[in-house]
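Chain nomenclature is as follows: A, B, C and D, assigned in order of appearance, with residue numbering initiated at 1 for each chain independently.
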Amino acid sequence: MGRKLTRQDLRDAAETYKNWGKWGPNDEIGTLNYTRPEDIVAAAGLVRKGKVISLALNFDQHGPQGAKSKYPPMGRINPLHLMLRTGTDAYSGVLDRRGIRAADDIVVMPLQSGTQWDGLGHVFYENHMWNGYDCREVTCAGAQKCGIEKTKDRMVGRGVFLDVARVAGKDTLDDGYAITSVDLDRTAAAHAVAIKRGDFVIVRTGQMEAKLAARNWDGYPGGDAPGFSFETLDWIHRNEIAAIASDTWGCEVRPNETEPGINQPWHWITIPIMGLTMGEIFYVADLAADCAEDKRYEFMFVAPAIPITGAVGSPTNPLAIK
Amino acid sequence: MGRKLTRQDLRDAAETYKNWGKWGPNDEIGTLNYTRPEDIVAAAGLVRKGKVISLALNFDQHGPQGAKSKYPPMGRINPLHLMLRTGTDAYSGVLDRRGIRAADDIVVMPLQSGTQWDGLGHVFYENHMWNGYDCREVTCAGAQKCGIEKTKDRMVGRGVFLDVARVAGKDTLDDGYAITSVDLDRTAAAHAVAIKRGDFVIVRTGQMEAKLAARNWDGYPGGDAPGFSFETLDWIHRNEIAAIASDTWGCEVRPNETEPGINQPWHWITIPIMGLTMGEIFYVADLAADCAEDKRYEFMFVAPAIPITGAVGSPTNPLAIK
Amino acid sequence: MGRKLTRQDLRDAAETYKNWGKWGPNDEIGTLNYTRPEDIVAAAGLVRKGKVISLALNFDQHGPQGAKSKYPPMGRINPLHLMLRTGTDAYSGVLDRRGIRAADDIVVMPLQSGTQWDGLGHVFYENHMWNGYDCREVTCAGAQKCGIEKTKDRMVGRGVFLDVARVAGKDTLDDGYAITSVDLDRTAAAHAVAIKRGDFVIVRTGQMEAKLAARNWDGYPGGDAPGFSFETLDWIHRNEIAAIASDTWGCEVRPNETEPGINQPWHWITIPIMGLTMGEIFYVADLAADCAEDKRYEFMFVAPAIPITGAVGSPTNPLAIK
Amino acid sequence: MGRKLTRQDLRDAAETYKNWGKWGPNDEIGTLNYTRPEDIVAAAGLVRKGKVISLALNFDQHGPQGAKSKYPPMGRINPLHLMLRTGTDAYSGVLDRRGIRAADDIVVMPLQSGTQWDGLGHVFYENHMWNGYDCREVTCAGAQKCGIEKTKDRMVGRGVFLDVARVAGKDTLDDGYAITSVDLDRTAAAHAVAIKRGDFVIVRTGQMEAKLAARNWDGYPGGDAPGFSFETLDWIHRNEIAAIASDTWGCEVRPNETEPGINQPWHWITIPIMGLTMGEIFYVADLAADCAEDKRYEFMFVAPAIPITGAVGSPTNPLAIK
């Protein structure tokens, strides 16, 4: 990628792409505002065959957390699913005093442990979060501003799938490959689909499928990966998309294109500066196969966050409805 | 409701309404099979104004768990949302060694603590679960059969909202009021909507709104409530609906219509015998207002479960898209 | 208590009682240093009848968290004990593939939800913690300084029990009653016991027993309570005790003796300024009965913290060995 | 170890070593009954230099859970320590509205994830637990019989340390090495210490220290290990010890001495048949060094369980007081 990006480059990008105030001083959802009611109606019109494709990885002990990582997580584990009552309790007769044989359960789940939305409280630029809110709005009591619950009626629109790996003629892009704006445009052109304001763009690198095939997530969380180049900020900004998602741990290319000491530079701009909601760890294999078959790379996209008050992210089961 | 229902009544109902084998011996999703691709296409056609209405209560410490109850829960707490990193950490400079200022979080959440789907592993009839599976398939390791993840691409179809309270001319139905098949038909008729095979039916009692207005959930979890009469099993069976949901803790009327020792008799039949997925603690106030205004009680309904492997329930953020 | 204490009073107390540097610039355990090896040998010499008395409340859903409170907690719940495997799993035969029938379990437990030690990372004075460490040493990653694990070989010494309620001729001291230095000295004198450097002092107000008898914890967590007057700081300082504990939620008297806006003023000084480890929610009924019977108010005291790295508190099962 | 043990060998051992009823039909603590008050008084007499040695590994993300294992755990993770409030919150000023700058925390901790007691509800023999109780007493609601809370005033007595590795002239015993009764007697003799009724015996294999030195726990949880031979049941029974502990994951030798399909045969007998409480993952390096130096292998031992109601195990911070 030529020279390494510096803090000054980030400062410049922050000036260029800043959307603060664009939707008023009290906005907490950023680019999700780009999707308008007529876009939702139009998206519904893309439902032709009545097929629903889930873009979620199942949430369990086989998820990517806990794998070897260059950038160890802090407290992110795979979801821990525990039972409060079981069928074996029922079988043993110990539930009958309650008059019903029922199982029940509980989960201990980092909100960004699997297929997930990054909320706008997730990343700060210096001491600010999206729309200029003070980063101290996110305390141990949660996010007083930009909590994921603010998006509860928003994650609906037109989805566009960009199978960058496929168009590049590869099963999976190489780790460290920086997807450029040119790549995105070339992929869209190959798919005969045009990006529109308010779209939800989902990009395939193939990395997740490679890890799944290897039955080994080592290097996936926090490791080297193909992903968005810093310069795609321009593409995102120009296209006025609602959100972007990918099949990697962190969307952007790793190693990052920055000087040492700056980690995930694209995130520094997308979330706090642009107000862009992002999806990560999306499972896109089934969608890729379907799109390759019917040649239709657009669909209705519905991916509601679980409205956990004050959360800075959320697991989601994103649905492509074709 | 006249005489109290007995175990023999339940046995009879089990014989009458049993759907085991209807979708093959390996089926794990029951009545969700009723929704066909053409129903999904038709449902998308109901999206006219591009409005998305969430039917989820926010998940937080203000939820219904922990309120006073005649039927104390076992381990159900309100979701506990905890931070792994915060904006205050960022502000304090302690994250800069990681090269990014980011917050992260985790939740400890009973899967049926808020707006939720009851999965088919939730309730057993004697030693069996849906489709005749042995109840011992649900152990501390989770549900080996009928886990909620099996529904991951299924919760999409036509939604029909039945505002029983409104049609009855009440703000909220009385606790203990048993909604009958006649009530459901009368409400549908008043709304000029007809129930079809594969529908997702959402019923309003008004109880949740009364609790919210009182800012006090006492009596909501496990307490007396308006809800479905046992005899609505016939209506559900006859109409071949995909799923049913309500704004109460447990869908069915409480006190139950049964002799002592039988708790939630309707659940004994719906889940394990019919294979009916059910929604509870749905927040329907906004939907009710919108439907009253535009007189349209049908819409596209998308309410994906979070596919936690082996779970017997799931939080959901159900969306009515109109 | 005469006039309300002001911030200036706290500032003055901080100057008067500050132990920073007393045990070197790297000390992380404060007054636990007062207990010397010879004190431990002497304490062991108090074991005469071979009786062990636990001062722990059992940790379960019947604990004090969740009760009504004037000062609502943030995230403190009663311990949530969950099973990973059960005897019912064993009975159902589903464990036999593992070759052993074993149960296993897990707990979700706020560290200060029951009988507990307040660690030295628990309370800050302005931007400092014990020994002058920066409060930013306690982040979402835990306490980098003064974590409870630093005390792992320290909670052993002579215990002295001061049954203030009994000596005052009451079952329980009144809520709002401020225990003074005079009360403590009078109680010790009545018990014919003298406080020594390095002692672990345990004080009974009777409040917990009153709540247990009422089977209702309302008002216990964060509510009005008898407890230490601010002026007992002098007694604590002068006597060079290792630690102090009581049977209330927060040791000190509530309502506090301060002007509005200053909560738990005694804590502001004891923990960060003096370096005093404190015990709360100690169950002392059995100890009280035993001491009343044998007239011996001193004993060997062993109350190890669970050395959770970076924790600012710990559950404990404190033992009085007589 | 010659021929593999069969189920008949286990049945025979169960008959030989069964202590059911020995302490009455309602006993829930088994061999802890062997320790009498006079033993506690005598143990206190062993405190000569006032030194406290902790036998606990710190509880954190560096613990043994999650390491590679031949026998994967079910739900056992390293303790997850999470903050409810922090010093960075304090620094950021967001706590001042509460009138106190305080940190608080919570742990998600499998009870057998680190230094721990196995409670008597942990292992079943066929459908029974200790003292003949039905294994269905241990449900998702916890252990109705033999919960760890029953031991709350019991884990005090004389500790005897047997440094088997050292006496064998090794840093660590080999994986798969079965420690025999002869080894135990020879070690005790070398240490000039005699085992007595009611003792707490702690045995060193050196395995933990090898793993710590390698900074890699792979193979420790559920892997091959030195440990007790099945035939030590006789030694344990004959010596009437209160409890036994070791520095390995599971006390007994692995691979086990049994035919396929029988895992941890020694546990089948110790816990449910003998009623023997067992300690695992004890950190004994410091104790080993101290005993080697002062040649005194006996001491006062205090290792209280945290009395979590219905728990089948407990973390502990065991103290050797010399």
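Things to note:
Heads up, the rule we're going with is that a contact is a pair of C-beta atoms (placed from the backbone, for glycine too) under 8 Å apart; a residue touches a chain by one contact, two chains touch by 3 or more.
Everything quoted here is computed from the prediction, not taken from an experiment.
Shared contact partners of chain A and chain D, listed by label: B, C.
The pairing of chain C with chain D is characterised as same-residue: of all residue numbers used at this interface, over half are used by both copies.
Computed centre separation for the pair chain C/chain D is 27 angstrom, with centres defined by C-alpha atoms. Rounded to a whole number, the gap between the C-alpha centres of chain A and chain C is 45 angstrom.
Residue numbers of chain D whose C-beta contacts span two or more other chains: 74-75, 80, 82-89, 91-92, 94, 106, 108, 136, 139-141. Taken as a graph of touching chains, this assembly is fully connected, with contact between every pair of chains. The residues of chain D lying in touch with chain C in their complex are 36-41, 43-45, 47-54, 56, 58-60, 62, 71, 74-76, 79, 81-88, 90-91, 98-112, 121-127, 129, 134-140, 142-143, 149, 152-154, 156, 261-264, 267-268, 300, 302, 304-313, 315-319, 321.
Note for the complex: chain B touches chain D at residues 74-75, 82-84, 86-89, 91-92, 94, 106, 108, 140-141.
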